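Heads up, the thing below is written out as structure tokens.
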Amino acid sequence: MTAKKETSLPAGRIRDLLYRRPEIVFSVLLLILIIGGWEAIIALFNIPPILVPAPSAIARSLWANLTTPRFYSHVGVTLWEILAGFAIGSVVGLFIGVCIGQWKMLEKTVYPYIVAFQTVPKVAIAPLIVIWFGYGIMSKVVITALIAFFPVVVNCIAGMNAASYQQVDMLRSFTATRWQVFRMVKIQAAMPFIFAGLDIAIVLAVIGAIVGEFIGAQAGLGFLLLQRNFSMDTAGTFAILIVLSAIGMILHLLMNMIRRRIVFWNERDEILAQGSS
Amino acid sequence: QDLQKVKIGVGGSNFLNLTYYYVLLPGPLGYWKEEGYDVEVFPVSGSAEAAQQLAINNLDFAEMNASAIIQANTEQKLPIQAIITNGTIGWGLSVARDGPIKTVADLKGKSIGVVSLSSGGIPLLNSFLKTNGLDPENDVTLISTGVGAQAISAFNSGQVDALMYWGTATVGFRNAGLELETLSDPAWKGFPDFTFSTVKSVVEKDPAMVESIARGMAKAMVFAAANPDCARKLQWKHYPDTRPTGMDEDQAAANDLSLISVILSEQAAAAELNGNGQVAGASVPAFGTYQDFLFDAGVLTSKVEPAQLVAGDDAFRERINNFDKAAIEAQAKACDFPG
Amino acid sequence: MIEIRGLNKVYDTRDGEPIIALKDINFDIEQGEFVTVVGPSGCGKTTMLKILAGIMRKTSGEILVRGTPIDGPNRQIGVVFQEPLLLPWRNIIQNVMVPIEIQGRSKAEYGPVAAELLRLVGLTGFDKKYPNELSGGMQQRVGIARALVHDPAFLLMDEPFGALDAMTREQMNLELLRIWHERQKTVLLVTHSIAEAVFLADRIVVMSPRPGRIAEVIEVDLPRPRTLAMINSDAFGTYVARVRKHFGAEGLDG
Amino acid sequence: MIEIRGLNKVYDTRDGEPIIALKDINFDIEQGEFVTVVGPSGCGKTTMLKILAGIMRKTSGEILVRGTPIDGPNRQIGVVFQEPLLLPWRNIIQNVMVPIEIQGRSKAEYGPVAAELLRLVGLTGFDKKYPNELSGGMQQRVGIARALVHDPAFLLMDEPFGALDAMTREQMNLELLRIWHERQKTVLLVTHSIAEAVFLADRIVVMSPRPGRIAEVIEVDLPRPRTLAMINSDAFGTYVARVRKHFGAEGLDG
Amino acid sequence: MTAKKETSLPAGRIRDLLYRRPEIVFSVLLLILIIGGWEAIIALFNIPPILVPAPSAIARSLWANLTTPRFYSHVGVTLWEILAGFAIGSVVGLFIGVCIGQWKMLEKTVYPYIVAFQTVPKVAIAPLIVIWFGYGIMSKVVITALIAFFPVVVNCIAGMNAASYQQVDMLRSFTATRWQVFRMVKIQAAMPFIFAGLDIAIVLAVIGAIVGEFIGAQAGLGFLLLQRNFSMDTAGTFAILIVLSAIGMILHLLMNMIRRRIVFWNERDEILAQGSS
């Protein structure tokens, strides 16, 4: 049957794809729509190219970037900052979130201060970070981690609070310690929350790395953004933004794949799931 | 042999391009290495941050606004001292070239775009307006238009009638195609602007190092003045990511050349202040008058002895400028760098 | 062994009107005794069990185990809850092993015990399945296996066989009696089946509805070991009738 | 009225080994008939009910209602689930009114119906309480009221009385028969009580364990209306014995 | 009894408070600890006042601010930006989140693009925003909303996916429409997630308002921050940061109060709750 499909006309293949993985087809359609809408808005609102360049100009600039080997070292720097910052931020965030989730008292005392600390714009504490972590990549990683950790904390706490108290009581009846209750129920119940937190953290990590580089950097996509901005090369700016977006999108999709492997217990029968909701 | 590590921060610009050739090029040209130093240059987001990093010896030197140097001394009792002034105030009030506004007085009732309402250009603008009979509070509206494209679109769309920006920013506007006429107060030419500086204790502890670093910069300044295009080529070669993008090669070269020509003319104006024909130096009287101006404008709450604001003595500055100018110029003219 | 003295429980509710679930419960359970509890729905059976399990605060009163007041859960207690309460992220064998893990017992030693219990409750082959892949009755049986796996001396069972079919239920009853006898356990079992209550019990505690009180405690003097044949005996019938009287029921339930 | 033709259901499971829950079920339900289903735990009773309710896909086969294949839920169906499945953020009366809200019926009209049903299931006074403030049996009774509130023509009930005590259970049985008779409903009821299955049914469907198949369909020819007195009749005993034979059970369940 | 307590010594009163509302006592202790730690770090790491001022200097600056009527107009501007941005961001976020949560197809097609869009640093699109919304408060509100909406979207989607499918099936058996399933189950199940998202959104709204003002503003706390920074008034900078933090903290506590009224069904018996977890 597949053999037959493979020999069919392109239209047939797309119909086939539409049937098997409709989201791919719609995703591509959406991309076309976005680019089209972009062109339309530029035309409609009469936006000068210095503000928003035409997609074709961006594509050219993007292509120029992608064919320059040096560009990848900038991508590498920023990607490293994002990943390291995200990793540190999530681990620290999980740790803090778990502690607060375990001791109700901390939720009422420490948590509000964490919220308060989080409202401080990172630029304001950048000088301190530079003292402690230098001018290199490390200070950007720290800034990224500082930005990324918060959603993980908030969602981890909310998730642990959402654990069913009946399940907790069941464990307690077998003399479970607070730590065992955490390990066997609370963290599991928190998983859907934690993954949502990580999803937000990824996006904040991307922004964090760029903010960190804006504070002062010698390399990275944020550095390139400043350069493009200084040259008033809007197409170039947008090309970098697209690379950033692609990084964010890929990390999000990866995270989603991991989530689906770990949080499986509220999935029903595949066939039915499509029928409903 | 082991090179001594030196860190220079460039305040107020988080992106280092040809504008800052005087700290970027001595390295590749080998001027610092031959005196035994390995210099790293960092962008630092603002002059205030640069002062902070200097204060805690996280940086050995910083490029920062003269006003920030004075403020650090008067407001923070932080003895930061000027070594080389890289330019005089190049700020200008730009209006449309063939527009209705010809003089400052024509700005009554108009809007002026500034980078931000807390920028260093505000005291300058206010006094400029006052000398021309306008009340800065009531006669004009200030709008913070940020940097780059945002300012240009504000001007193009008529949201602001004038732009009060520093020299290279104004060049950027012109490069982007704005037809501008720039008005400025002649007094500004006497005020130092971007300045290479450090804390007093560094000058006292290791004067030889300070001299060497400053001398390397002085050589680069002579080099660039002799052959700006060679400086541009060097910059592009050694800092390929700082070259303008989004335009063809010729356009990029032209833009960078006009940029460096502004820098060089500001540099020449700064050399004027030195008074003795020295290429690199800082002028005590110029810092004194600028301090007076800032105090009158209400930016400062106190003043210090002007000599406190400048590093070393005349002999110190003499040693900085003590090198074979002609040889450097010849090197620049030849512009013979492989690769 | 266990003495319940003047136990009261009042629940606060969201609409402000408190519910008196237990009122002045006094009652002793001897070591090795099999006690069943019957009573109308909502009379406080589950509440009492949870308090005995040490996972619910009492409003007043005292519970003494071998003379010392209990202040929390105990390793020697195994609880079957009214709902299966399985952990959906663990497969069946992992769910059964929960008490072993909690009490830090050897997995190697208790693994075979768990497998044997799964066989006993008729779930061989389902050990790698997940709870939401099981039917209601199958889930309940996993809950029974879980309560037994660490071989507790004291079993608290809240309608453990409610969702089982006739035959499975009978088998489970017999198995429970066997385990109780061989292992010398003490059991407190809540049931809605009057026949089951009589069949299993040394003593039957009959509770009356809100506020939950003990209406009568009936000593069941049937010989041990009990056999299914006894169900049709007159003595059995008399006990059933005596309990049934409290409910005013005619006998549809057995 | 309802025809089930060659119904099969295979579940995919996480460990890859599929479970055949229903195999070739063929079966008709007449309008106004009271059908009970008995079968060992895990034999596919709930699965069949969910497929009839239109909330679970069948693997193959056909279900026709008055000749047309069903493809989803129906306003004329009321379902009592095996678990109470109440919404914890709604109080009791709001939970009972769920079908009314969903089907856009008049709240003013059905409010008294809901109140009357709560009275019927013995929960008067609990209408402003929240589900987790109720005992297991009380929650189940809320589920029963919810299934009846919109007066559906066809009732699907999955062990509706499993968590109830003897007396309440008998009362509910009688009430159900009364409603079924007065309102001319069609009922399919799953139970583990063989006596209950006989007492209520026109026909009893006996299912056999995995893969779930129909072992026997027994016509119950007892006079209507049924009374509790009939339980002790010989005819009743014969039916019970005939069903029990399938389970090999001795009679603890009634 | 309370009458007796009121006449007791202060030590007794604190003990009384410790018993009834221990979190208040600990919270205050923690504040003292933070300030003490601050002083200690400054002493230990020998941090010069230009980098981090002493708490006393900050307190003085804070007091000077709080006694200047004009300061409150700045607070008012920023607060308005925060609240309006937060409100718009959450409503839009909820709307998008609900749509994506309702139609699985959108989750696979539209959602990744939202993630991608979110990674774009707001400074990069500031010029566009300024064109459409002017230089006044409106553009800051829009930037705030753009930053704040994302955590609400993510958590709303995750929350709707976490709804128990048994409950959904129950509703479906009574012929519930997709919209009714949403209204009666999904949105309720999502509430704990949504409140976590709102908690993150509040913090991001505070940061967003400041970022918006950094791009260019005539008034507001971000404007004051720039001004203090320019005059190298570090104590002044920190005083403003503290006001910002206080705003964030108060909004967080308010949100928490609302949450506890709405998400009540996983709370057990007060007395017991203290005993365990």
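Letters A, B, C, D and E mark the chains in the order given here, with residues in each chain numbered from 1 onward.
Basically, contacts are C-beta pairs under 8 Å (C-beta built on N, C-alpha and C of every residue); 3 or more make two chains touch, one makes a residue touch a chain.
From a predicted model like this one, the values you see are computed outputs, not experimental measurements.
Traced through touching neighbours, the fewest hops from chain B to chain E number 1.
The most distant chain from chain C, with centres taken as the mean of CA atoms, is B.
Averaged C-alpha coordinates give centres for chain A and chain C that are 49 Å from one another. Centre to centre, using the average C-alpha position, chain C and chain D are separated by 26 Å.
Averaging Cα coordinates per chain places chain A and chain E 20 Å apart. Shared interface positions of chain D, i.e. residues touching 2 or more other chains, are given as 11, 14, 56, 83, 130. Shown for chain A are the residues in touch with two or more other chains, namely 51, 123, 127, 131, 169, 172, 214, 264, 266, 268. Among the residues of chain B, those touching two or more other chains are numbered 52, 56, 148-149, 153. For chain D in complex with chain E, the touching residues are 50, 53-56, 72-75, 77-79, 81, 83, 85, 87-90, 98-99, 101-103, 130, 132, 150. Contact residues of chain A toward chain E in the complex are 22-23, 26-27, 30-31, 34, 45, 47, 51-52, 102, 104-105, 108-110, 112-113, 115-121, 123-124, 127-128, 131, 150-151, 154-155, 157-159, 161-162, 164-165, 168-169, 172, 178, 181, 192-193, 195-197, 199-200, 202-203, 206-207, 210-211, 214, 222, 225, 237, 241, 244-249, 252-253, 266, 268, 273-274, 276-277.
Within the complex formed with chain B, the residues of chain A that make contact are 48, 50-51, 61, 70, 74, 123, 126-127, 130-131, 135, 214-219, 223-224, 226-236.
Listing the residues of chain E that touch chain D in their complex gives 166-167, 169-177, 180, 184-185, 188, 264-266, 268.
Chain B meets chain E in the complex at residues 46, 48, 51-52, 55-56, 68, 71-72, 75-76, 78, 115-120, 142-146, 148-150, 153-154, 157, 159, 299.
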